[in-house]
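Pasting the structures in now, so scroll down.
Each of the next two complexes has subunit A plus one more chain, namely subunit B in the first and subunit C in the second.
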Partner chain A sequence: MKLERRLSQPWWLSVAVPVGSLVVAFAVMGVILALTGHDPGETYRKIVEAGFTGNGALSATLISATPILFTGLAAAVAFRMQLFNIGAEGQLYLGAIGASWIALQFGDRDVTSTPLFVVAMCAAAAALGALWALIPGVLRAFARTNEIITSLMLNYVAGLLLTYLIFDSSSYWRDTSTLQARSFPQGKPMPDASNWPTFGSSVVVPLGFLIGLAAALVVWVLYSRMRFGFEVGVMADSPRAARYAGMRTRRKILAVMALSGAIAGIGGASQIGDFTYTLDGSPTGLQAAAFGYTGIVVAALARYNPFAVCLVAVLIGGLLNAGYTLQGPDFPSGLVGVMQGIILFCALGGELLLRYRLRIRRPRTVNPVAEAAS
Partner chain B sequence: MGEQVPATAVTERGAGPLGASLPPAVRMTGITKRFPGVLANDGVSFEAASGEVHALLGENGAGKTTLSNILTGLYRQDEGEIELWGERVRFHSPRDALDAGICMVHQHFRLVEPFSVAENVVLGDHRGEGRRVLLRTAATEQRVDELSERYGLAVNPKAKIWQLSIGEQQRVEILKALYREARILIMDEPTAVLTPQEADTLFGTLRTMADEGKTVIFISHKLHEVKAVADRVTVLRGGRTVTTVDAAPATLQSLATLMVGREIEVAKPLEQARQLSDVRMLEVDGLTVPGDRGETAVDGVSFSIREGEIVGVAGVAGNGQRELAEAVSGMRDIRSGSIQVAGRRLRGGDPRAAILAGVAHVPEDRLGTGLAPSLSVTSNVVIKTYRTRSLSRGPLLALRRMRETAVGIIGRYDVKTPGPGTPVRNLSGGNLQKLVLGREFADDPLVLVVAQPTRGLDVGAIETVHSYLRDAAAKGVAILLMSEDLDEIRALADRILVIYEGSIVGELPAGSASVEEIGLLMAGGTRE
Partner chain C sequence: MSVNDSLLVIVLAQAVLYGTPLLYAALGELLAERSGVLNLGVEGMMLFGAVVGFWITQRVHGSAPEVLFLAVLAAAIAGAALAAIHAFLVITLRANQIVSGLALTIFAGGLGLSAYVGTELGFSPNTPIEQQFRDLDVLGLGDLPVLGPVVFHQSVLVYASWGFTFLVALYLGRTRWGLNVRAVGEAPASADAMGINVTLYRYVHVLVGGAFAGVAGACYSLSITAGWSSGDALVGGAGWIAIALVIFAFWRAELCLVGAYLFGGLSALPFALQGREVDVTPEFLYALPYVMTIVVLVLVSTGLSKRRIGAPAALGVPYVREER
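Our next item is the complex of A and B:
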């Protein structure tokens, strides 16, 4: 038995492999569940119910899916150029900082138009996220540093900045209006008009999710139909060929990092406008959710396709959401982690089969010519 | 896996004179080796006697290198047997082959650059000197000196590898084999890095080794070399053995026919100077270009090329040809000097400026620089022109017109591909080169920079590429041709520049230049 590189990929394989990987994942998990004394069928039924079919489950899933839709797109945009921006996490924090700043400013100036809030918050978040992503971008383009390291390290800087703004300073973001707020640090509440609208009644769709879908469409057009995406494709495949063809590699690195950071930043704005309505500086709050890192997994599972990112974000969102529901006295949270891990492991492992194939070789047949000669 | 004896030990070491009674030094029968999608060796049989220089002749892709890699234990054959001096062997690793007395000098040398010659020679000699905890450097150096004298391989055993020329490094590789008392030496395309004179010296060394009863297997696709050095020639074609013939009665024409499988013309130098206009398309003046490590790779080079002229740059590999080509095409920054295309000065280090000025470039590294391997034929065809008005509407791509352009080039330049959507990585070398040439010609360039246009191509593709280049010149394109193949330069160029250590050391009209004359200049103008 050996692994061989595939010379071509049949079209059906890109559907069959992810589906097959999921089947394998659930089979493996079924064994683990049975061994730990849980009924696999019952558990899976609960997951589907809690994540998707139950009362209000889809609404909760969309809340989980929204931030990882943004970070997933952010990762996909950069990874398609072989630019490994691991910094969506920090870029999302910066987006949240920017969005909350503009919302508080507008509140101070008695702006009441929600659409104005939405546009301004997205713009500020995108700008700040892009700037944050440009730090590793500039370093990569002009000093050839490894963007994986720099963008990852900046996540910690961004996290500490977030904590500092609320916990260790009397910043503009911190609520110091009451004695209680002064002793238990928290962010200022946003003005009511800055709360983003939701849509639908039986299933509540947050505005952020819709903005995420729109962003996915924009990314698709940009990457599949425009010169921008063509250049990204060439640079991803062969930087030398891109230079040879007269493409401006440095500019493109900056543009792609900025785009990636901007999308992650808007994810931060959506957190403020859609869900938290305040800047959450706690190390156990926004920072513990690890949306940026989950986004990388989402992008990888979606094979960097923006539409697939939407789908995978909802699936992973449902899984995360079901995880919260499943946890209880008879179902430890560790098991939920194991389950999510196995699904990811199988899905990513399946990738290997897309690019390679297993060949099972029959025992060596003895060559009659050689036999006769010897 | 069966009944094979894992015998690697060859008991008898007495290499006798050439005789019919003795079994051949090497006998390979029915060797088959498959790679994914490729049958590299298909039942190849090969026999070489002690005391002969045996050439393995074949085009690129005929299976020569695969066969020698099997003989040196780098690959294991899927089927077939190897016998050495009549004893069946089975190699499990390159070390087994070394122990059996087989050494190979690869095209790309396996030397440790910061080490001295003597250190490189003992390196990997796990039976003798190399096993000692403390190296007896003086003893090794003395032994190396003895060997180099006996075989005419002049090299200083104390010198570090990085200080040596490519030709000297090759001698170190041969010394390594001699030091290990190899009885079978395989040389893979050894003359690509040598001047014709150096090649002659090498042939002398190989002859000496053969006269002592060693077996030399000489891999090449150059007919006249094979004729010059070999006793017998085994011809491979398409992974199969065609035949084995004696070298002496064979003619270049008969060998070529065996190698290619059909009648071909052996390339002849241009006999008559063509009439050329006086318009200078490319003017290079005092050009100095840094190499990859910041050293001066091209040193104050000046020349010009007229409309429709082909100027060939001859030189031993690594004397600045690549850097010169990259500088003219904007791929590499220039340190000083100027490049002018049709009277307009080019901005250095800016490929886009060069493209806009009308410089087309066929790079040495086709797949990776000239083409993006995973992208489709279509994407690669428009890789330079996607931003022009005919192929995009504003920032949007005109996908259908891109595809039509690709189909046009595929048809006009006879590129064999399953379709315009196929990743170019799946195309053969000849078709890749046709694709690159087709794309570069499509823009009506003024200047064409071509580096190693036929390296790795089979004879049919070489003929096609040459005819495309001649056609382009006939249409008035000024062509700067870099090639390590002197025959190619002589067959195509109107004028030959010889480059040595980054400087142009000679300029000759193609018609009257002799190989000896060019070779002498390639070696820096001094006889060694």
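Our next item is the complex of A and C:
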């Protein structure tokens, strides 16, 4: 067997390889489930029912899919430039802090001002998320500091900040109005006008999910139809060529990090406006959901294509949702993370088939010497 | 009050305790990186090593040294097994090392395999530990002022880590194999031309690196926390700090030791201050190691950006003989 580099990729391969990786991943997971004494068929049937086909399952899946749609886009935008921002987790927290501040600040309005709230909350969240992402961005651009470690360290700092605001201070976000709230720390509830609307009746679509789809469209236009994306591609493939062509690498690093952080930040705004309606500072709440890390899985499986991110977010969202719903003695905890890891391993292994052609050498039937002689 | 009860001595002694897993993990990452493979899965391998080590102490009965030795060995094998996945993906299948390492952490981490295995075995934070590493009193010198608690009153894990630091430094700097590893990490094509098996060297060092990370995880479940909890709080980012440590240490084993104790001290500070009723916001103290990691990383990278001292030239680049 031999590997040969492909000069061109047939179009069907970029669909077949991710789908094939998913199938292989489910097979591998099936083996693990069987080895640990679970019936794989039964477990998968439960996952599909709880994630997609059951009553109201799709609406619940969209709730899980919304945050990872944002963090997936955030990762895709940065990873495309070989800029490994794994700080979407912290940028999402900062977005949630910003959005909840706006909602509390302009609280006593009536429901007709909801559109204004949506815009203002998204803007504040995007700004804070972008600022948080610019810390590793600036360090990378001007001090050449490894952005992987700095962005990751800031996730822990952002998580501690969240806990501090609700648990260890009498901050603006903390609810101190009742005796109960003073002894069991919790965030202030958001005013009704700041709660985002939902659409649809049989399948409830949160506004945040639609904003995420719009963001995917914007990212696609920016990356596939504009100079911005072209330059990002050149810098990813050959930083040296980009420099010779006079592209401003530093400026682009800052722009891409800010864009990535802003998208993750809006994901935080959607958490506040769509789902929780309060700033959740508990280490077992928003911080335990690990939306930022799941976003990396989504982005990698989508091969950093913004439209594929939307689809994959719903798929992985279904898996997450099934994990929450089925939590209990018959459903192994940690299964969802293991599953994500295996899917990602298979997708990474599958990349090889996109870039290389597997050649199985057969013995030659014609003797080249005899051929030349004749 | 004797000098050994002073805050400084307590923090120093705790710095060694908390620095030990960082040191093991950093030594492992150092070996992998010196052979040219970046493994960002350290955090995941540590969490898995922690649960496997804990499992052995629960299931195997015998004298403490035997059980603990088996537990650490099992944790090392667990770490190496996970590293094998990464090695196969990045060395044989030429996958992106950064994404594969992240995948490993997601796969094995607090929401993945370590939680899966731990809960399948019925463990919880309330499960009492059967055997754990106890501090020794070496040569009866544990009561010496300052040096006693810091140097002579530690567990076997600490003393073994000094031995491993020495061995790794010796191996990389003074042996033919070490020279070959460095060649593989710096210029794999030249190493290949010299007849060094690049693939084999990389596999071995990534696996041994994983084994070190597994042991680092066992330091938490068998010594520092002496228990197991689901989620990633048990290790709490130490794997990532260890990766940063390798950079601060300019890819040198002996400097890993210094860095590990520095960051061990920062991690220990909140716990040491808790007993003293010092009025500092705990979140601020908990954030210190993370913030300091960023600060030191910036200092190192600005000071050395002109010539990257120590970084293996081929770090993160897959080696393909036909495409060199």
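Throughout what follows, the second predicted complex is superposed on the first by the 323 of 374 C-alpha atoms of A that agree within 3 Å, B and C clash if a C-alpha of one lies under 4 Å from a C-alpha of the other, contacts with A are read in each partner's own complex, and residues count from 1 in each chain.
Please note the rule applied: contacts are C-beta pairs under 8 Å (C-beta built on N, C-alpha and C of every residue); 3 or more make two chains touch, one makes a residue touch a chain.
All figures in this text were calculated on a predicted structure; none of them were measured in a lab.
For subunit A, the partner with contacts to more residues, out of subunit B and subunit C, is C.
Of the two partner chains placed around the shared chain by superposition, subunit C is the only one that A:144 touches, whereas subunit B remains out of contact.
When the two structures are aligned on the shared chain, A:218 is found in touch with neither subunit B nor subunit C.
Contacts of A:342 after superposition: subunit C is touched, whereas subunit B is not reached. After overlaying the two complexes on the shared chain, residue contacts for A:234 are found with subunit B alone; subunit C is out of touch. In the superposition on chain A, A:311 makes contact with neither subunit B nor subunit C.
Contact with subunit C, but none with subunit B, is seen for A:163 once the two complexes are overlaid on the shared chain.
With both structures placed on the common chain, the touch criterion links A:111 to neither subunit B nor subunit C.
The interface of subunit A with subunit B overlaps its interface with subunit C at residues 5. The residues of subunit C lying in touch with subunit A in their complex are 40, 85, 89, 93-96, 98-100, 102-120, 230-231, 233, 236-237, 240-241, 243-244, 247, 281-284, 286-287, 290-291, 293-294, 297-298, 301-302, 305, 323. Of all the residues in subunit A, the ones that touch subunit C in their complex are 5, 36, 79, 84, 86, 139, 143-146, 148-150, 152-154, 156-157, 160-161, 163-164, 168-169, 283, 288, 290, 293-294, 296-297, 300, 332-338, 340-342, 344-345, 348-349, 351-352, 355. Residues 1-2, 29-30, 32, 36-37, 43, 78-81, 83, 88, 329-331, 350-356, 361, 363, 365, 368-375, 379, 383-384, 386-387, 392, 395-397, 399, 426 of subunit B are the ones touching subunit A in the complex. Taken together, the subunit A residues at the contact with subunit B in this complex read 4-5, 7-8, 225-228, 230, 233-234, 237-238, 240-248, 364-367, 369-370, 373-374.
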